[in-house]
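Both complexes shown next keep chain A, but they swap its partner, so chain B is in the first and chain C is in the second.
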Partner chain A sequence: MFDMLRKIWQVGTVTEKQPFEPAPKKYRGKIELTAQKNTNWEECIAACPTGALCMNVNKIRLFYGNCIQCGNCVKICNTDALTQTTDCYQAVNAKKDLFISVDKDEEK
Partner chain B sequence: MDSKRRMIKKIVQQLGNRLIDAKEQANETVLHIDKKDLPEICQYLYQEQGARLFTMVGNDERQINTMFALYYVFVVDEIRHFMTIKIFVEENDPTFPSLAAHMPAFNWYEREVNDLLGLRAIGHPNRIPLIFHGDQMEAVYPLRKDYIETGMLHFENEALHFVEYTGADVTEIPVGPIHAGIIEPGHFRFGAVGDTVLHLDARLFYTHRGIEKELEGKTLEQAMFLIERICCVCNVSHAVAFAQAVETAANVTIPRRAAYIRTLYMELERLYNHVGDVGNICAGYGFAVGNSQGARMRELLLRLNEELTGHRYLRGVIALGGVRQDIRKDEIDRITNHLNELDTDFQDLADILLNHEIAVDRMETTGRLSLKQVTELEAVGVAARASGRDIDCRRDLPYAAYDQLNFAVIVQEEGDVLARIKVRILEVFNSILLIRQILQDLPEGDIVTDIPKIQPYKTSLGWTESARGENCHWLMVDQDNKIYRYRIRSAAYSNWPVVAVAVPGNIVPDFPLINKSFELCYSCCDR
Partner chain C sequence: MNEEELGTDLKKRIKEVLSGSLHIRHVDTGSCNGCDFEMSTLSNPIYDISRFGVSFVPSPRQADMLMVTGGVTSNLEKALRITYEATPKPKMVLAIGACACGGGVFGETYANAGGIDPFVPVYVYVPGCPPRPQALIQGILLALDQYEEVLKRGE
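Now for the complex of A and B:
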């Protein structure tokens, strides 16, 4: 009995209040997509295991609903068009908000 | 080495002219026989050679050689060698002799090939659907290559496959598939007399997602991401088993540093699982202190994982031919410090738990399994070791860096909930020791090698000991280096049948406790 109480006392309160600390540096979070000229889009798309990243006529589309944040596309990309952040808050109100797209040859 | 050759030779001789063809590869001998000789030869391997069932695979090989094939993979732990019995089943006579009546472990496997491939086991004592819930309106077999996906399949006789009780004193209690807690779906039906369970029927496979089918035609790199997601808490074990199957097929050895780092991640996985499970078992009898202390320690371990690899459940750390994530010097110190803290912290929890009279009273003699039961049903992992079945494929069939590390395999005799929790507690300390050894001996060098193209239609095996027991993966690739057939036999698949055996004789309120003491996963059983 006493060892139980001692443990409870020693540990204290461990629940935390929001806002939490940011995710660790290595955390693979939300992918950001920006338009950049001369990006090797074909290779990026081929590297994507889930088909979240795809090309539609002249648009590059990313569907967050399918993205598993593996970072393959970022690794293979020759420009900074695709970057991986440590953002882990990705809930949206409607499914359409999960689609983003940029023009293939446009400069931002 | 010599005893191995001798034993294989003896088995081949015993088969005599019943052997159609024998093939040797890596650590496996594939013996092709006629299907009518199957029962006799399997029984010979099983009973006289001490082989145990590893997995059984049904494969639609009509495109290769116009027939279906069944592979019965046995392992002889003594010589660390696999003996695979291969039979062909013709399309116009899709039957094969059943072994389930003599070896109950085959029960599920044979029903599964019936559901998914339409191969009937003749003489099976109870050939009700396993994966499908009900009888099919028209014959559709998803794992056949000519299967066309049409969306929903239609079934009839939904609820008829349960044991019916005729006595007036037996109360039927249905539980699930939707449960009060946030757990996976499974339907349990108790026949209870008063408070005591007479019989338990479990119906699983609600989360069957067709992963094996989905994997067909995927490249090996794509497949890795799906295989990591078979279940949530054995990610590294499944990923490593897959990587090993590929590496065996391609005949490559991974760099030593990669092998050590893989072992490290696997032990980290075991650690957070076991620590969490010990806490979870406390929830089975409402012991809140144990439950929340376990949850707290598990959370700290998950955060450690996230810091080390970027993922709380260690996804995306294993690559084909090595690992994707290296370990830096400062991270090694971070792990060491964390383990030092965990060591005393967890010891406190173990002391509280094992010295608590009421807790021990609830766990002792509850959900008892005998050695005979676990051996006959081929249970693996913690459930098997708690009942005295001394198997652990980290020692018996070493992979990654386990053959260079020292560790003891924990075995208990009683086979009750208390024995299972004790095995887990001791394995936690074992894992801590293992991780310390790994960090001390961590060799320098590369962390990944290239995988060459794999010879088409060659089969290979990969296996790991997850926190729940051994996972076994079976792989065959086609000419384009894509997956032709993939079979996943997880620890939960082997262990669910023993849960139904452990419960009868106990009181109904003990069921959650017994279930938690196995801590089985539904999704990697259902796939």
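Now for the complex of A and C:
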């Protein structure tokens, strides 16, 4: 019993206080997609393991519902079109909010 | 929604909408257990969601909310339907993880339906592989907003 009490004394409170700590820097969070010229879209799309990133005629479409945030597309991308953030708050009410799409040759 | 004080917001909203406590039933429809572990993390000493009035219950008949993980496999499709019917109205359904939202790594095959929305009406989608516990709390908050509207309409 004394061992247990000693352990409680040593460890103290472990419950996270408000506000919650932000995700660590290495955390792979939400992928952001912006329009950029001369991006190797075909290779990025081929690197996606789940088919979340896909091309529709001239539109590049990213579906967050399928994205597992592995970061393969970010590694292969030769511009800043795809970036990985540490943002983890992605819950939405409607499924259509999970889609984002940009033009293939548009400059932003 | 204030991201800084998610837990306090959750406690306040649960008191306003459900007058006290929120009971969650977890439904596993063929997930890899990644999301399930994140969900059980919510009730451990570090996140301790019980202090905000949320508890996980063993039966859907006591639950206000269903948390569904996994793309629905053909074996568990019936289990999901029965669980949904057993929950008293009005009921919230959360799709947790990439598999429940749109198929994820398993995709849409003859054995895997690719998302739970063909079977049950979904309140909130929480993508991520797996989502963090904070993201789950945000999902519950969004669902409560929608639940309040449903209660006002009197369905």
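In this section, the second predicted complex is superposed on the first by the 107 of 108 C-alpha atoms of A that agree within 3 Å, B and C clash if a C-alpha of one lies under 4 Å from a C-alpha of the other, contacts with A are read in each partner's own complex, and residues count from 1 in each chain.
We adopt the following convention: a contact is a pair of C-beta atoms (placed from the backbone, for glycine too) under 8 Å apart; a residue touches a chain by one contact, two chains touch by 3 or more.
Here the structure is a predicted model, which is why all the values come from computation and not from measurement.
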Per the contact definition in the header, classify A:Pro49: touching chain B only (first), chain C only (second), both, or neither. both
When the two structures are overlaid on chain A, which partner does A:Lys26 contact: first (chain B), second (chain C), both, or neither? first
Per the contact definition in the header, classify A:Lys7: touching chain B only (first), chain C only (second), both, or neither. first
When the two structures are overlaid on chain A, which partner does A:Tyr64 contact: first (chain B), second (chain C), both, or neither? second
According to the stated criteria, A:Glu16 is in contact with first (chain B), second (chain C), both, or neither; which is it? second
Please name the chain, chain B or chain C, that touches the greater number of residues in chain A. C
Is A:Lys96 touching the first partner chain B, the second partner chain C, both, or neither of them? neither
Both partners, chain B and chain C, contact chain A at residues 14, 23, 49-50, 68, 70
So in the complex, which bits of chain A are touching chain B? 3-4, 7-8, 11, 14, 23-24, 26-28, 49-50, 68, 70-71
Which chain B residues qualify as touching chain A in the complex? 221-222, 224-225, 289, 293, 296, 306-311, 316, 325, 348-349, 351-352, 355-356
Name, in rising order, each residue of chain C that touches chain A in their complex. 3-8, 45-48, 51, 98, 101-105, 107, 115, 117, 122-129, 131-132, 134-135, 138-139, 142, 146
Mind listing the chain A positions that touch chain C in their complex? 14-16, 18-20, 23, 49-52, 63-70, 88-93, 95, 98
